[in-house]
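Next, two complexes with subunit A in common: one pairs it with subunit B, the other with subunit C.
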Partner chain A sequence: MNSNEAIVVCRCEEVTYGQLRTTAEEHQCTAREIKLRTRAGMGFCGGRTCRIPLDRIIEDVLPNVSQGDIPLKYQPPIRPVSFGTVGEKND
Partner chain B sequence: MMDVIVIGAGPAGLAGAIASANSGLKVIVIDEFIKPGGRLIGQLHQERSGEWWNGIEESERLHQEAITLSVDIRCGVSVYNLEKDGDLWNVHTSIGTITVPFVLIATGAAEYPIPLPGWTLPGVMSIGAAQVMTNVHRVQVGKKGIIVGANILAFAILNELQLAGIHVDRIVLPEKGPLSGKAGEPEEVMKSLLHAAHLAPSPLLRIGSRFMKNDWFRKTGMKFFPKNGVKVNGTPLLLRKAAIEVIGMKQVEGVRVADTDANGTIIPGTETVYEADFVCIAGGLYPLAELAAVAGCPFQFIHELGGHVPHHSETMETPLEGLFVAGNITGIESGKIAIAQGTTAGYSIAKHAGKCGAVIDEQLNQAIQNVRLIRMQAAIQFNPDIESGRRKMSELWEKLYEKPANLHSTQKLG
Partner chain C sequence: MTRIMDHPILGKLNDRKAIPFTFDGKTYEALENETVAAALLANGIRTLRIHEESGTPRGVYCNIGHCMECRVTVNDQANVRACLTVVEQHMVIESGKQHPTIVKRMVEQQ
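Moving on to the complex of A and B:
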């Protein structure tokens, strides 16, 4: 089981399974809190890769998540964009 | 000004654009990939009828039809935000903001991984990446591969890799645990594969008929599952072996596996290494619903549909005025169904845009019937209980959004 602690779950921010589990257990927290504490899901891909594994870790530590809400909220911009693009200056 | 923006030029988006343009609307399609077709361009399989489903040809056909109807298709452009502004929608893209009354989100599905030690080594990829490299980019992913995870997508792509002459040596399960869920439990995996047994005439799923059709197998379950596996198109499927780690110094050199019991629990002292130069992780698909979420659409988790899906009706409307969805964003299904859903959404938009009369009603009705028909005949069904998932969503829609209309009609009656 020990080598599993070192599995990188969020590849963009290099957050491991061990870190995520410890954080979830210690703080009994929501997906959002785990994201803010560890930065998992906050990298370049916007959490598209690790979203489901993150949900599964939280579901395992704190079962009965609400069926109506997406555990880890989506925030714009959902793709990496430059300040220039957001400011509508496209040269 | 444009009437409709379609986000995603996959089968659902292109079909939606065609139906809307066919009804006289001005349509623009945005896709972030370099060419149109979405996941369709990776698909190649034989239907139950024996006919081949060639995704490249299908997407070319849809693309040409859209062009003929003067649909404006922009590839290599990402949409990063979507917000309502009065009666209109502002769609923020990497080439500027486009304002329209109607939006069709057809962004498809994304793959999720089952992380395991060593999965960040070069040579490890998702099963879908192997499909795209093989069928879209025509790049050989490796010489000898191992697939981790046994599901319909893995078998479909196994077949495609074999057609391309790429050797897949074995299929094993991921190690049982919170990250793999049911995909690491041999009994559960076998159950879901047996659900697909009705598809057995399809060469795609000719999973050793002995295994799939034999009653003895169903009854004895995993207990007597052969150690050397059963063959899927010639590749051993090892339901009682779990991948513990991908090994290699600078790139994939192999996979360390161990025997498991029928529940997937590892039997100590049974570790071996299978050599390989590439590994495909077949986790699964989930609806890619980011834009519906930032737009403020309500969601429901429906397991049979593949995860969280935006609330939508059978006519592909969402509760947000002017916002429509189609394809895998509404639930994981095959390409043909995505096309039929797209057509439904396209006519539905035309109707909302004020194209009225018997013709559009008839087209819309026909399109809805067509979705049901194609679903019944589907050669690939990612979840055997898809019908039940679809029913859950339509009941939810009725309960939440159709009440006022019903009240209205009973009032009229009274």
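Moving on to the complex of A and C:
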């Protein structure tokens, strides 16, 4: 299992599988909490790549845990937008 | 130039106009309506940016606009996806740079 420690699960924030496993086992946390603790899923791609693996890791570490009150889901804006497009005054 | 000039299915590639554009100060040639990622790849450049925190080199990954790994600064517009933007005449493109992480360093020193 130790050869998998260095697998990067979250490409945008460079969070490795090892970090996620230790954090999950140490804090026994839900997917949302591990996102808050390790920033995995908070990257530029909006969690597209690592949202599913994060859930799988949590199911693997804590088989009985429920989905948790707030599941990991896409948050608006679903594409990165600049402040200009959102709030620019062009009247 | 690493383009496939004579593709068995797509056919020949020699009737397209060359368009100059600059990437990090150097000028390169791209073919007409070719994406920035393809043009840079044809010129042998795979590192479009480096990771903002750790500096690891990053380049094109999904090439369809989802993974955002190929974001570059085009004509002073930051975070433009190179794999979706078509090269235009005299485009100025800069690669992503590493950002300072002052607060994180302070927290670690405490």
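Definition applied: the second predicted complex is superposed on the first by the 79 of 91 C-alpha atoms of A that agree within 3 Å, B and C clash if a C-alpha of one lies under 4 Å from a C-alpha of the other, contacts with A are read in each partner's own complex, and residues count from 1 in each chain.
Criterion: a residue touches a chain if its C-beta (ideal position, glycine included) is under 8 Å from a C-beta of that chain, and two chains touch if they have at least 3 such contacts.
If you're wondering where the values come from, they're calculated on a predicted model, not measured in any experiment.
Q: Looking at the overlay, does A:F44 come into contact with subunit B only (first), subunit C only (second), both, or neither?
A: Second partner only, subunit C.
Q: Which of the two partners, first being subunit B and second being subunit C, lies in contact with A:E26: first, second, both, or neither?
A: Once the two structures are laid over each other on A, A:E26 reaches no partner at all.
Q: Going by the contact rule set out at the top, does A:P77 touch subunit B (first), subunit C (second), both, or neither?
A: first
Q: Applying the document's definition of touch, where does A:D60 land relative to subunit B and subunit C: first, second, both, or neither?
A: A:D60 sits against subunit B, while subunit C stays out of touch.
Q: With both structures superposed, pick whichever of subunit B and subunit C touches the larger number of subunit A residues.
A: Per-residue touch count on subunit A favours B.
Q: State whether A:R11 touches subunit B only (first), subunit C only (second), both chains, or neither.
A: So A:R11 meets both subunit B and subunit C here.
Q: Just which bits of subunit A does subunit B share with subunit C as contact spots?
A: The overlap between the subunit B and subunit C interfaces on subunit A comprises residues 11, 48-49.
Q: Under the touch definition given earlier, write down the residues of subunit B that touch subunit A in their complex.
A: It is residues 32, 78-83, 92, 94-97, 110, 112-117, 119-120, 177-179, 181, 245, 283-284, 286, 288-291, 293-294, 298-301, 307-308 of subunit B that touch subunit A.
Q: Where on subunit A does subunit C make contact in their complex?
A: Per the touch definition, subunit A meets subunit C at residues 11-12, 14, 44-45, 48-49, 80, 82.
Q: Which of the residues in subunit C come into contact with subunit A in the complex?
A: Interface residues on subunit C, with respect to subunit A: 51, 53-54, 56, 61, 66-69, 71, 77-79.
Q: Within their complex, state which residues of subunit A touch subunit B.
A: Listed in rising order, the residues of subunit A that touch subunit B are 3-4, 6-9, 11, 17, 46, 48-53, 56-57, 59-60, 67-70, 73-79, 81, 85-86, 88, 90.
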